[in-house]
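Have a look at the structure that comes next, please.
Chain IDs A, B, C, D and E follow the sequence of writing; residue 1 opens each chain.
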Amino acid sequence: MILSVHDLSVTLGGSHILQGVSFDVPPTGITALLGRNGVGKTTTLRAVLGEIPATGSVDFGGVPALGRPTHRLVRDGLGYVPEDRCVFAGLTVAENLRLAVRSQDPDFRTVFGLFPELKQRSDQSAGTLSGGQQQMLALARVLLNPQRLLLIDEPTKGLAPAVISAVAAALERMAERVPMLLVEQNLAVVRRLARDAVVLAAGRVAWHGPTEELLGDPARTRDLLGVGSTVRRP
Amino acid sequence: MSTVVLLTLTGLGLAALYFLIASGLSLVFGLAGVLNFAHGLFLSVGAYAGWFVATHWALGPAIPVGVAAGAATGALVELVVIRPLYRRPTEQVLATVGLSLAGVALLQSIWGADPRSYPRPAWTAHTTGVLGAQVPDDRFLLIGAAVLVLAALLAFLRWTRYGLIIRAGVENRAMVSALGIDVRAAFTLVFTLGGALAGAAGVLGGMYFGSVSPGQGAGLLIFAFIVVVIGGLGSVTGCAVAAVAVGLLQQFVNYYGTSGAGDVSVVALLAVVLLLRPGGVAGKVTA
Amino acid sequence: MTHPALAVDGVSWHAGTVPIINEVTLTVGPGEFVALIGPNGAGKTSLFNVVSGLRRPSAGRVLMGGADVTRLAPHKRARRGLGRTFQTSAVFGSLSVAENVALAVQAARGGSMRPWRRRSDRQIAAAAREVLDQVGLGELGRKAAGSLAHGQKRKLEIALLLAAEPRMLLLDEPMAGVSAEDVPALAEVVRGLTAGGRGVLMVEHHMEVVLDLADRVAVLHHGSLLGCDTPDAVMADATVQRAYLGEAL
Amino acid sequence: MKALIPLVLAVALPWSTLDIPFLFDGPLNSPGTLQLLGVCLVFGGLALGYDLLFGHAGLLSFGHALFIALGAYGVGILVNHFYWPLWTAVLLAVAGAAIAAFLLGAVALRVTGIALAMVTLAFAQVGWIVVNRDPGGLTGGEEGLPLGPAAVPGFLVGVANTVNLYWLALAFLVVVVAIVHGIRRAPLGRVLTGLRDDERRIAVLGLSPYRIKLATFVLAGALAALGGVVYVLLTGGATPYLASTDLTLSLIVMAVLGGAGTRWGALLGGIVYAYLDQRLTHVGGSLPGPLGQPLFVLGTLFVLAVAFVPGGLAGLRRRTLSATAS
Amino acid sequence: GSPQQAAGGGSDGPLKVGIIYSQSGPLASYGQQYADGFKAGLAYATQGTGKIGDRTVEVTYTDDAGDPAKAVAAAKDLIGKGYKVLGGSTGSGVATQLAPLAATNKVLFVSGPAATDALTGLNRYTFRSGRQSYQDVQTAKAYLGGGHKVLVFAPDSAFGKSNVEAVKAVIGSGGATVDSIAVPPTATDFTPFARQAKAAAPDLVFVAWAGTTASAMWQALDQQGVLASTTVVTGLDIRATWPVFGAAGSRLHLLAHYFDGATDNPAEQALAKAVPGGKTDLFQPDGFAAAQMMVHALQASGDDVDKMIGALEGYSFDSVKGTLTVRAEDHALLQPMFQAKMSGADTATLTDTIGADAAAPPAAAMKG
């Protein structure tokens, strides 16, 4: 297991958001983290990353992760694409990318191959990019460096259908090299990419297993995610 | 003619002094987003450290010691006061206000409120004739130092990644960490640099004024603020341009205008610049 | 004759020297629901910014109910009944959820600058509660809006709009980030927005929602309007297929 | 209603001959103590008035002292040089300050954030320069402008009447509290908070951020001027300190020390700061080293408060309350 | 009950004296000298007993941090506690605010180093124990010789203006023309002003400058050739500031209120013995004289302020500076003044003494 989360609890602003979450992420493929709005998906990722105080235990690549500073974890190969993108609005696209470079040999080819727009806009300040362009930039930042695990929070949010398929394809290709923990609302994307799924409800893990078992069983899907599994093609 | 030459050269000297003081302020403000009211304190610490060495030991090491003292103060302040407050930017600024109050009082309790005369190389008191104008030599020292500092700062920002890290860190510190960068160390570095610049300005300012007093740094701060803001927040080149504009304007208005018009004209310049281009000279026009 | 709720007439906008929107002409009738789709970066949000007054167009006019509002400040347009949401949620973080809505209610009813209280202020709170129930945030009224999860903020945005009782609505990706479970309910809320002759212009990438709700779909590409037609006609268009929808997942 | 208890205590205080050693030098109703408390009350009011801008509306103004000085010097000049009756002078000075706030605010509020702070700082700096230059002998320059006792009504003159000045200070504070708290709970208060959070959002709701900010700026300016007037009556004259950035910085310190944007924070902060400032000066000489410098103690205290007591005194109170509750 | 009762002082308790001065703040070193002088003067005037008759003089020292508002608060506190005699005020700003307070509350106020002319003749209750600007200028006038064009180089502030006024009154009335350059007190570069001074080509430049930028100011005057081309007169400040003159020092014509070595008399010896280091300095005589005046006033009456005033008006006594006289009409303190030269950075030598009468300001009517 590349990541083992055990009994993770988080309290924010007086409310007990995560109440003992446990799950594992296997060292290959994509694991989806699902659940309705406000259930604590983002909170889980940020707790793993050490951005918010949490109790319990988190094990990243065999080393305890809780309590270690975020930047150390990242340097050990834990990449993070946050939910609200968090591109640096005051910096240009090129500067955003330059900042993210950690390795000797950043992989600009893959990045510009996936997102040619970023190359054209390298001198535009990131704050004026359209929503979708910002998302691409956020993804590009983690793709530059070699990674051991990616935490990706809703990468397709706000993207046009064509871009969603492009991003999905990119994630699929990346998944051949690095495992991912993916938060995603678009079940079509989940179905296509994720091998395993973890469903959160009421601060706990409500279900954990192969994605097929979840999405292939309409009753279970409705039960856990509140929707029919037949996701209409756009 | 000789009057114009004299006013121009001494105006540039004044500009150099403003730039030396404002550059550190601008660096910290532009990069770390902290309007550092304690910058005047850093300045005074550097000045007193240089003074102490120069009067008790030798003149030579005064500048390096002043710079080191300023840098150490900057680092200490960042580590002890600024760092724990990074989630609360307003409080950071306020803490520096508190520091400036306490620090000046502390210096005063150690060295008294009266100005101490500042040792300096004898040649700085001489003048050089330029087109009939007797230009004090210490102005050339100031201008030289300012150019040096400007070049060094530009190189730092251009050739290292720190400028980028810190600008990004101001916007979203957590995200910079999430890119695997120890953003805290970068902030400490900026404060150390700002302190070092203040220390240099303190020693050179002490030599320029021929004296040092606890409130000297704080007293100079207001014009430094104006220079920083006119120059566009955090732009070192903008800061240099603004310093020259302010120095020359003040000098000429003081000579040709009525008393007090020099200060008022500078303040008016600030107001006009801010209203026309809220981001300062180097800033982009915002809608 | 009745004027369209919103008419965009030959509007162009440049960011500095870069042209972003080129001569876009578009109308939304009273009670009509128009969806605006287009690739990321097409200029949809920019168009909203021009219409709501946050940006000045370099050419063209914006009309509301037949009146030219091109030169009006954002708040003046809002007072004439133009409401909008933002692509990244913009709610008042330090106010509670209920206060957020109360603020919108009082903004609509006037007297916001009143520095004293009245008995009638109770009604504002009641109206706010009603709106919150409508979008399903009824239980979170006392929570600080800043600490809401993303999807909850989206709903609050809609609540702010509803409270202001506008006549013309601009919605910028209302469904983005809303969990699949909540999409149908929120879609129902959005559908209801056209009641009482309100015009709605919505940017949205969720095609199910677009197809379900829109009377007409306008397609923006590189800042120009490719066309504006019924959902089925637009879906059938080959350019739209290629530029926007891409291949199936 | 709980707010009435301190008010009743404050009103009853001058009848008490209670002697609190260390805290005060004499019995509560001695002129020295009343003067000290009076100054505390004025600063409580000034800080709360400033917090209307700073804490509530999120407008960081570095020029608030300008309006305090306008009130103070306005009255001083009208009374000393033009022989106006005091109360007319007060009215005119406060109205003048409000007009000045309107004009300056109309210009300054076109920008936001740090730019606003700097423009207001610049305006106030001009005020400070003018006051110090003693134009036409009106302001007395760095020596200040003592208020001629002849112009002041008898019941405010003389040490024996210090109690009346205390009432005056208390009345000022009550006025400020009434206005600021009224606004907090009224529609305008909610709009101010909204403005602090997201100005763009306020605009698309149909409210003009500019007009709201300007109105707040003018109101705060008028309150500041009123405070300046009371301060002058209390201390017998205006000094350039009233026009200095230092005073504005002190107001910010007070607001934050107490808890900016809270109900009682700024008021409390103002009172505590003014008390410490005066008392430390009083006992300062007897303390060793830097402790003898009031500003050292105040500055250090402030830094510590900012670092360890987020939310200021108001936050502290809330936390101890919740700690005892659980 | 009444909301406030002033405590009355008994007629056989100790005699209470309040000294309000700068223990902290920018004028702390002036304040220190004043207080040292006061203690020495009190011991001298009471022959070391600290008593008048059989009543001890109980002195309360209070800090005003240079802030008039704090001084007023301290004064109200003391007056409220029944103090009838106040002294102090290191700075002019404090003095001008304390003086009206003394009058409205009918207590004796003996002002300290504050030099503002405005204090003289302000009201019956206010006296002064130091010199005033006018006396400085009278001393400077002696340097003018046959010249007739005078330039005042002073800050654009109340202090600067009062010096300009005094020079106009003293020297201008003697037929000389008086011009002035008003320098912004915040100036950091003095070249433009030095240049203006040089261009004016006066016979005498009267420099009134105090503050931390003095050194830069002197250097600019020197570098632009003002010191070389004309007679430059200025006041001698406390010893700690002497090095600030720098190279200019030996070429200046100094007028002095007081410096160590200006006089030699029993009072001066007593002062020298009492102060730390045995070296006397500028403002110690003011404190010394204040103590002498208060003791004399209290000898006349311990409680009746009118009697104290009566005793002080016209009082003439031997103090550190020589014989001082309180002029009855306007309470000006007539005193000798000194002219001096700097030799080296830390020695001033007396060149001349201006008699108390020659330095006396014109008598004014009492205003209140």
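Of note:
In this text, contacts are C-beta pairs under 8 Å (C-beta built on N, C-alpha and C of every residue); 3 or more make two chains touch, one makes a residue touch a chain.
For each chain, UniProt lists the protein as follows: A, C = ABC transporter ATP-binding protein; B, D = Branched-chain amino acid ABC transporter permease.
Remember, predicted model here, so these are calculated numbers, not experimental data.
Touching chain A and chain E together: B. Chain centre most remote from that of chain C: E (centre = mean of CA atoms).
Across the assembly, the mean Cα position most removed from that of chain D is the one of A. Rounded to whole angstrom, the centroid-to-centroid distance between chain A and chain D, based on C-alpha atoms, equals 51 Å. Here the CA centre of chain A is 44 Å from the CA centre of chain B. If you average the CA atoms of chain B and of chain D, the two centres end up 31 Å from each other.
For this pair, chain A with chain C, the centres built from the Cα atoms lie 28 Å apart. Multi-chain contact residues, meaning those touching two or more other chains, occur in chain E at positions 24, 156, 184, 186. Partner chain B is touched in their complex by these residues of chain D: 60, 107, 110-112, 114-115, 117-119, 121-123, 125-126, 129, 133, 245, 249, 252-253, 256, 289-290, 292-303, 306-307, 310. Across the interface of their complex, chain E is touched by residues 14-15, 17, 25-26, 29-36, 39, 129, 132-134, 137, 140-144, 146-149, 157-160, 162-163, 231, 235-237, 239, 241, 278, 281-282, 284-285, 292-295 of chain D.
Across the complex, chain A meets chain B through its residues 49, 51, 69-71, 74-75, 80, 82, 86, 88-91, 95-96, 98-100, 102, 141, 145. Residues 1, 3-7, 23-24, 61-65, 67-70, 72-74, 76-81, 91-93, 96-97, 99-101, 103-105, 116, 118, 156-159, 161, 184-186 of chain E are the ones that touch chain D when the two sit in their complex.
Those residues of chain C that touch chain A in the complex are listed here as 15, 37-45, 87-88, 144, 147-152, 173, 176-184, 205, 207-208, 243-249.
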